[in-house]
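Chains: A, B, C and D, in written order; residue numbering restarts at 1 for each.
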Amino acid sequence: MTALRWSDMDAYGHINNVQFLRLLEDARVVAFAAAGSDEGGSVVDTGVLVASQRIEYLKPLVFRPYPVAIDLWVTRMAVASFDLGYEVLDDAARDDGAGQGGGPVIYARAETTLVLYDLTQHRPRRMRPAERVRLESWQGEPITWRPQGRGP
Amino acid sequence: MTALRWSDMDAYGHINNVQFLRLLEDARVVAFAAAGSDEGGSVVDTGVLVASQRIEYLKPLVFRPYPVAIDLWVTRMAVASFDLGYEVLDDAARDDGAGQGGGPVIYARAETTLVLYDLTQHRPRRMRPAERVRLESWQGEPITWRPQGRGP
Amino acid sequence: MTALRWSDMDAYGHINNVQFLRLLEDARVVAFAAAGSDEGGSVVDTGVLVASQRIEYLKPLVFRPYPVAIDLWVTRMAVASFDLGYEVLDDAARDDGAGQGGGPVIYARAETTLVLYDLTQHRPRRMRPAERVRLESWQGEPITWRPQGRGP
Amino acid sequence: MTALRWSDMDAYGHINNVQFLRLLEDARVVAFAAAGSDEGGSVVDTGVLVASQRIEYLKPLVFRPYPVAIDLWVTRMAVASFDLGYEVLDDAARDDGAGQGGGPVIYARAETTLVLYDLTQHRPRRMRPAERVRLESWQGEPITWRPQGRGP
């Protein structure tokens, strides 16, 4: 669960489109730290660099003093990089009517390509076997994007 | 030209990946206002909503007290939406050695899908002929992304 | 309890001094909403404007995936405004060594003057009796600032 | 001159009170770098830490695609620290009617206490004679705050 801030809203009174990526960053940092906490580390042994990002906004989100859920899973693994998929959503079970008619309310879908990076050598590095094992346990479905060029 | 802020850097000492999208927003808002200034308006007659975004980071960017260039052009036009392409770059001609060996230094490429939105009726709307004329004058090449799934 | 974000850190690797005020805003918004939740409202009936702020930084704070405490109380009440005092701190009882030797670790002290504002009439307004009762229940000690001009 | 960003506005449609301090930081960083550019340095030889801040908001400021002026001067000098005063303003001479009737429009006044800091030794340090000379050339009037406790 990721807390919103009132200041995440822009002059339109909605959570700003750029701040959605801030929320993803926040969820990712917390998830990585939590995954490594047994071993006093992180899901990856050193830093990662963001190589690319893609996001689709599905519904406007307004600030409220309770958090949103951000689901996050691995959508691709390569020699020295991996992709994370995300959904920013409200669970159907919430009692506040945000989830009408059963399914969760999904505000945005996104994907980030992360490159493993050796912070002391200042260069990308290969994924280590232990990292691969941890990331494999997070693997899930690829993101289904809106049909390209469909748009309104 | 878009000014950086020292605070755009994160704890890694680079302009943060999310802040790149903030810079794009800033460049877009200023370009829209400038394009409409003859007519006291904007390049579009009412608001736009960001429907999706995609960005690739090519080189790390560090804060400096002079601006970056953000080139911005139309890559697609539809009935009620359009895409903007962007390049965040330093011009080769700068005297500070940022552009070595001729070509410009490109920090990031990005694309945003914008939906025309009627802020009083709270719904998407069709592009008007005058808007189409203005946006057509901004048309340019599609973005060339890195080969998909290539990554390191 | 107020969650930090990794992005609250600046290039020095500390929670940025400006972001401390962002944290205070966040704590205030959540506290106001919580105080009014019995009555479906807020601690004040309409908006407030920030008229002035003051903050002293006592210790550097580094991002961690668990929240900080932000204590917040009323330090002054007037006809149409009131002051909030704040302390950003870690409780002594935390098991992570942040609180050494008993007392809490205080990162910052601050005070904000808030003006009651009629958002429809666009002007300041008097405090209502029910608001006064609610705010009185939050009253506490004035902030003790460092001796003025002492500094290093 | 300091550029505003559209995102500096909050859901009230004004430049957010916390973002004013972001603008001050931006103006300070640029002024420090410019002051030291003859000598390839900065107005101070090493980093500074912000020890405290105070700000009064005088008028709401709305985003526009041209910058605000931020005047900045030294209001106090001590052995190992100094204070900067600021005014965020529009010059009277602007042609857009922002400055009506002669005087400048002042949006905010502020003051920051900065501690000279040795970034390698991780401790405050004394002001050097050359720094003192440079900062003395920036000296100006103390800030005149609104009468304390007057407020509405």
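Here, a residue touches a chain if its C-beta (ideal position, glycine included) is under 8 Å from a C-beta of that chain, and two chains touch if they have at least 3 such contacts.
Owing to the predicted nature of the structure, the values given are computational and were not obtained by experimental measurement.
Peer 1: Give the pair among B-D, A-D or C-D whose set of contact pairs overlaps with that of A-C by over half, matching residues by number.
Peer 2: B-D
Peer 1: Pick out whichever of the two, B-D or A-B, is joined by more C-beta pairs in contact.
Peer 2: A-B
Peer 1: Provide the C-alpha centroid distance between chain A and chain B, rounded to the nearest whole angstrom.
Peer 2: 23
Peer 1: Indicate the whole-number Å distance between the mean C-alpha point of chain B and the mean C-alpha point of chain C.
Peer 2: Once rounded, the distance between the two centres reads 36 Å.
Peer 1: Measure off the straight-line distance from the CA centroid of chain B to the CA centroid of chain D, and report it in whole Å.
Peer 2: Roughly 29 Å, centre to centre.
Peer 1: Could you list which residues of chain D touch at least two other chains?
Peer 2: Chain D, residues with two or more chain partners: 6-7, 18, 22, 25, 63.
Peer 1: Name, in rising order, each residue of chain A that touches chain B in their complex.
Peer 2: Chain A residues touching chain B: 12, 17-18, 21-22, 25, 47, 49-57, 76, 78-81, 113, 115, 124, 146, 149, 151-152.
Peer 1: Mind listing the chain D positions that touch chain B in their complex?
Peer 2: Against chain B, the touching part of chain D is residues 3, 5-7, 22, 25-26, 29-30, 33-34, 63, 65.
Peer 1: Under the stated contact criterion, what part of chain C meets chain B in this complex?
Peer 2: So the residues of chain C touching chain B come out as 6-7, 9-11, 13, 16, 18, 63.
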